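In this document, chain identifiers A, B, C, D and E correspond to the written order of the chains, with residue numbering beginning at 1 in each.
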Amino acid sequence: MNIGRVIGNTVSTVKDPNLKGQKILVVEPLDNREAPFLALDVVGSGAGETVLYTTGREASFAFLPEFVPCNATIVGIVDYIREEDK
Amino acid sequence: MNIGRVIGNTVSTVKDPNLKGQKILVVEPLDNREAPFLALDVVGSGAGETVLYTTGREASFAFLPEFVPCNATIVGIVDYIREEDK
Amino acid sequence: MNIGRVIGNTVSTVKDPNLKGQKILVVEPLDNREAPFLALDVVGSGAGETVLYTTGREASFAFLPEFVPCNATIVGIVDYIREEDK
Amino acid sequence: MNIGRVIGNTVSTVKDPNLKGQKILVVEPLDNREAPFLALDVVGSGAGETVLYTTGREASFAFLPEFVPCNATIVGIVDYIREEDK
Amino acid sequence: MNIGRVIGNTVSTVKDPNLKGQKILVVEPLDNREAPFLALDVVGSGAGETVLYTTGREASFAFLPEFVPCNATIVGIVDYIREEDK
């Protein structure tokens, strides 16, 4: 799982039936080595918020029993990160 | 999920039975860090269109109950992207 | 599987129901080519410890029969590594 | 899915029972950013041929109902690629 | 699938129950672009041997019907590689 920031959303009229009714957000990873990508959202996050996202097959677990063809999902809103040892 | 552009297609006569009848499109990711790749399509997109694609195991969800050996599927046509906060 | 070090944790109030009650640790991979990421933990590790983690779909196996939308899990605490041939 | 060329094969006497009887080919991706890797084959391709391969969990779908521990499979032989818009 | 060399092993007393009794080997990929990683082993390989490994969800197929939280498994010992066309 990683941390990113919501920076926008994507509008798509023609799409897979399992994506209907889902907001498709643009997420910028906090780690600059990765490019922005698109994610679905199960916690109601919005632009400017710092979020926790998961990628890959596990991203679709948040929508079970539906099999959504999605490989990135926002699963939490981050309050703060505590570094204890570095 | 990511955004790309359809730039061509691939013709293959000898292929896995589960790929028969599927158009195999060439997609160029909008993010220049990745190379073009091949994807199946469930929304009828064509050359020049900006599309939304998903990769990995989830890409094959769009074809359930068939188990298609495909790891990239076009699942939407993008109307526009709205950046709200960057 | 890879080796990393626990360097902190993440606090998130609003999150997916399957993540409730789980500690979300920040892990720094020993291999410097990768950036720190977030992982769940099934062995009770803490800050400063060297741990063994697994990523991807397999990371969620540690929580079966629950389907946790998590793609990185700490599955062991490392005592030592023995290089035999390099 | 991606395109590569078959450049050799690998001989292994001691292997997982599910890999017995499978030819293990060496594939060089057309995209030079990736290194050659090993793939199983369901279409009877051979050295010098341009092939279509799929990676990850989906690669093993070509062998269902067997669960083959394989993460790359050649699923088609490429006749030609048509670039329509670039 | 890829080829690597076994260069050591990892000792971990506290670990996920499904990893108990498994040898956790350190593998160096032949392709220098990747860093060494940890893998389980189903073919009895040892230090110095050239091995065939698979990664991702498929790596755990070698342990079915157990669901082992492992994303890299050694599935063969390589006798030799024959390059036919490069």
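The rule we apply is simple: contacts are C-beta pairs under 8 Å (C-beta built on N, C-alpha and C of every residue); 3 or more make two chains touch, one makes a residue touch a chain.
Every value quoted in this text rests on a predicted model; they were computed, and no experiment measured them.
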Spell out the chains that contact subunit D while also contacting subunit E. none
Superposition rotation for subunit A onto subunit D, Cα-based, multiple of 5°: 145
Please report how many Å separate the Cα centroid of subunit A from that of subunit C, as a whole number. 19
Give, as an integer number of Å, the spacing between the C-alpha centres of subunit E and subunit A. 31
Subunit E: positions in contact with at least two other chains: 56-57, 59
Graph class of chain-chain contacts, one of line, ring, star, complete, other: ring
So if I start at subunit B and go to subunit D next, what's the full loop of chains? B, D, E, C, A
Contacts from subunit A onto subunit C in the complex sit at residues 1-3, 31, 33, 42-44, 52, 54-59, 61-62, 64, 73, 75-86
Which bits of subunit D are touching subunit E when the two form their complex? 5-16, 18-19, 24, 26, 28, 35-40, 47-48, 56-57, 59-60, 67-72
